[in-house]
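Two complexes follow with subunit A in common, the first pairing it with subunit B and the second with subunit C.
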Partner chain A sequence: MNDLRILHLEKKYSKTAAAGQEPFVLQPVDLTIREAEFFTLLGPSGCGKTTLLKLVAGLLQADSGQLWLGDSELTAVPPEDRRFSMVFQQPLLFPHMTIEDNVAFGLKMQKVKRKKRLSLAQEMLEFVGLAGFESRFPDGLSGGQQQRVALARALVADPRLLLMDEPFSALDPGLREEMRELLSRIQKQLGVTVLFVTHDREEAFELSDRIGIMGNGRLLQVGTAMELYELPASTQIARFLGMKNIIPGTVHGGRFISNEGVFEFSAGNSVKAGEWCLILRPEALQLLAPGTPAPAGALLVRGEVGRMKFHHGLYQCKLHVGGAQLDCTLSRQQAESLAAGQVYDFFVLPDDLHLVGI
Partner chain B sequence: MWRKSKPYLLLLPAIATIVLLFFGGLFDGLLKSLGYFPAIGETRLELTAYAEVVQSDGFWESLELTLRVAVLSSILAGILGGILGVSLFLLNEASKTGQARVWHRLFQLPLTIPHLVGGYVVVLLFMQSGLLSKLLASLGVIDELTDFPVLVNDPFGWGIILTYAWKEAPFVSLLIYPVLSRIQRSWRDVSRVFGAEKWNFIREIVLPVMLPSWTIAVFIVFVFTFSAFEVPFLLGVTYPGMLPVYSYQLYTSGTFADRPEALAVNIILAALTIALGLVIYYFSKRWQVWKGWA
Partner chain C sequence: MGRFISPVKIFLTLIFLLVIGLPFLALLLSSVSLNWQWPEVLPEAFSWRAWDYVLFGSSGTWQAIGTSLVIALVVTAVNIVLAVPAANALARYQFRGKWLMEAIIFAPIIIPPFVAVMGIHLTFLRLGLTETIFGVVLAHLSPTLPYMVRAVVISYNTLAVDWENQARMLGAGAIQRFLHVVLPHLLPGIAAGASLSILISLSQYLITFIIGSGQVITLPILLFPFISGGDPAVAAAYSLMFAGLAIVTLLGMDIALKNYYQTKKTVTGKI
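Coming up: the complex of A and B.
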């Protein structure tokens, strides 16, 4: 198997640190990306994801650690000999070359004969929906089309790994959506291994088989989109994933009690005593129909319904519980049966009560 | 109305001076080359002077020398300037300090030195009793100063060629450097990821990007050296002289009757220069120097 194995890869920027600031350090990263997997590094700006990508590409030299692809070690191999491809944030096409020459550039470097490389370039252009653009120059194409050409250039050389550094961030939302669909389809069809970098949660969740969340130069958690969303490993990850219902409290004698004393439930004996945070996903809060009992073991939450906003076919609602304000997602039917300012009962199933350490 | 015409009115003194001195001079030269010379009673227009020029051996030998010097100086200046430009570009890529800027300024130094001074520098360096020959003699490379090849005031024109190569190389690099500086640092990353080593990068990206500007710069140097006067006058031999010197000699050493011939040489020179200018314009349009650049 040609898995990509990153072993204890580390990088320290000592020279670029501004006066009085700590130099940026990419803490040792250990990660395995499986063959034909779509893996995304997700994190805010400046968290080290592009540094890690460039270390994998060979464009930056690691201070320590190793990089393996299958049985071959690539740590000291220069980028030009790794047979990887990359799509950057900007298309970075060569303006003096035609579109087909741009696409065939990698093949030319691999010394593929002109006739063959141009025919492969034409095929790939057709694949990304740009047949007929072969003899044009990059400045005659729109931003989205140029990024498609950059994608074709990266794919045509049959790379062992495709690296993508926020490739759609400069495109407008509609085009971004279109490019995501195109990339997803092509990746599945060609079975290429992809290491993708983005700060856009939606993009990462939509495209990836697995996601690695990064923050402050560390790889914080790796998992599928669902694992990360339902079971974030820390409040930092939960916040980055957009969760707002983070309720601090303590566990004592196997029971969690929130700091305001509003939420109390059995945390199980495996949870150590100490300070913890309860993370409640907005859709985990379910409306309890009047007169019906809550399911066994569920946490009952009584709160005053506040402002409601219609968003993507659902209602986002604020729920005031004690001193806390919770975000809650309701279906249209449920939302229409509620009146703002009134008190209602909600419940959370035991499996949806997720505790993380502070 | 005033606002629209104001810029033109402000430009009028400069334009009037150029028209009067340049075009006026050219027109006067054209009339005199056609034999119109009221001072000696000649008021007819005829092509006698042109016929005499074309039939004289001196003109053709002078034209041959002029072409040789112009071609060799522009090729040498082009090669030197190209190497200079690419070196500066690579230096700029490699270093994050201001080192490249210092070198850039240093290499531009010949631009600030007048051609005449450049010519003297070449005389002092390359004549048989010059600095270089003395240095080689003292090092024992040559036995006598006379063993040093004649590079100044030589019939082939090496002195002139060396002067122009030295003087115009920074001009060529100055013209191509803005194009090279538009090559983004990230293109090197792109090319590396796709398998290009440094030489591939220079061959595939740097050279094709600079080629149109480089060719035009070399053409400009060619046209300039083709019609330049002071350096050939200083560093050339008495016979054959380059066309501008040949014309000057005809104008100053002969009688009034020789003047139409001297001016005919000038007019032929101007016509050839204009024709070459049109060639440059044609190629710059055809190649679209900035083709593909957004």
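Coming up: the complex of A and C.
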């Protein structure tokens, strides 16, 4: 197996370029990326995700830690000998070379014969949908086309790992969507291992097999999109993933009581006493038909329905519960049976009650 | 489309002719004149004497042109070799005493060459470098290098490190990165610096005269006595030769550079 293993990789910047800034520290990271996996590092800017990417690339030297690919250690191998490749935020196509020569650049560095490397380049260009552009120069291409050439150039030499540093963030939204689909298709077809960096959570959720969430120089949580969404490890991650309805409270004697006293339920005895937050996903709040009893163990929520918005085929509505305001997602039928300003009963099944530490 | 020539354009053309064309005309007339003296507005007698002397006589003009060109080209080549790493360091790295390095490299622009060349002369005398082309080449480096470094520093400033990182991630080693990514980007800057270096080296009189001690004969060395001395016709002919040499050299370099880019484009012109 050619898994990429990151063992305790660490980096400190003692002095940052701008004076007065706090020194940045990337806390030791342990991570295994499986062969042919699409792994994304997701985090706000300045969280250390690009630093980690550059450490893996070898463009930065780690202070300590090791990097392994399968059975070979790469920690001290210079980047040009790692047989990785990288796509940056900018296409960075060499302006004095044709598209074809740009794509074949990596093969040229490996001393592949001209005829062979040009035919491989042509194949790869066809693969990214740019057949016929071989003899043009980069300045004659649009931004999206250039980034596609950059992708072809990175893939043509069959890299052991493809690193991508926010490659689509400089593109228009529509184009970005198209590029994601292209990348996803190509990654699956070629079975290339990808380490992708982005601050766009939709992009991460759409593309990745697994996601690592970073914040303040730490790798906070690793999991599939589903795992992260359903079981975020902390409120920081939940907030970063754009989750609504984060309700602070305390657990005492196995019972959770929200700070305003509105929500109270048994959290089970395994939960330690202390401060916790309850996360209610908007779609976990379900309408209780009048006159029917709530399922056993469910949390009952009685609230006044506020403004309703039609969005992506569903209704998003605000629910005023005590002093708190909750977001909840309702189907069209349910929503149309409600009237704004009225009080209704909702319930949440026990499996959907998720407590996270602060 | 009606043809409209703007008055500004006419004015600029006139200024151009007056300032640049007229002196050349005067030189041309002077070089073919015989005893052109005040108060004659135009020479009254013409003769090919000066040109005959310069081109065919025992004046050693052709040899001087050869020496001038050899010195200028070698100086420029050495400048390129010195300036590229220096510019890389100055443009990209922060190090202690950087201001001092910059001051030393750019000092010859500010300090009169005469001051420096006296010291250089003494040292070269001890080293036995005077009266040699090699010594003159070394001495020409000091007034030319600053311009070369300056031009290449500007080129480096516009080359983001990302380009080299990108090449690196595609498997390019240090030499390959320089050849395939850095050098093509620097080339226009190097060409600009080389033009200046050639021109400055060609027009050196004092340094060549002192270090070469009359044994290294370049065109300015031949030209100077005629200007300060008695024969304005010969001086004018030499001046024209000199201007021609500079123009031909620059044009040659320009064409070579254009050719370089042209071949890059024509290989792939079949869009």
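Going forward, the second predicted complex is superposed on the first by the 353 of 358 C-alpha atoms of A that agree within 3 Å, B and C clash if a C-alpha of one lies under 4 Å from a C-alpha of the other, contacts with A are read in each partner's own complex, and residues count from 1 in each chain.
Going forward, a contact is a pair of C-beta atoms (placed from the backbone, for glycine too) under 8 Å apart; a residue touches a chain by one contact, two chains touch by 3 or more.
Just so we're clear, the structure is a prediction, and the values are computed from it rather than from any experiment.
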{"item": "Overlay on subunit A: subunit C relative to subunit B, clash or fit", "value": "clash"}
{"item": "Which superposed partner A:109 touches (first subunit B, second subunit C, both, neither)", "value": "both"}
{"item": "Subunit B versus subunit C as contact partner of A:157, first or second or both or neither", "value": "both"}
{"item": "First (subunit B), second (subunit C), both or neither touched by A:96", "value": "both"}
{"item": "First, second, both or neither for A:139, with subunit B first and subunit C second", "value": "first"}
{"item": "Touching partner for A:80 - first (subunit B), second (subunit C), both, neither", "value": "both"}
{"item": "Doubly contacted subunit A residues - partners subunit C and subunit B", "value": "57, 59, 79-81, 83-86, 88, 90, 92, 94, 96, 105-106, 109-110, 137, 153, 157, 163"}
{"item": "Contact footprint of subunit A on subunit C as seen in their complex", "value": "162-163, 165-173, 176, 180-181, 184-185, 264, 267-271"}
{"item": "Subunit A contact footprint on subunit B (complex, rising order)", "value": "184, 186-187, 189-197, 200, 204-205, 208-209, 291-294"}
{"item": "Complex contacts: residues of subunit A adjacent to subunit B", "value": "57-59, 78-86, 88, 90, 92, 94-97, 105-106, 108-110, 137-139, 153, 157, 163"}
{"item": "Subunit A residues within the subunit C interface of the complex", "value": "57, 59, 79-81, 83-86, 88, 90, 92, 94, 96, 98, 100, 105-106, 109-110, 135-137, 153-154, 157, 163"}
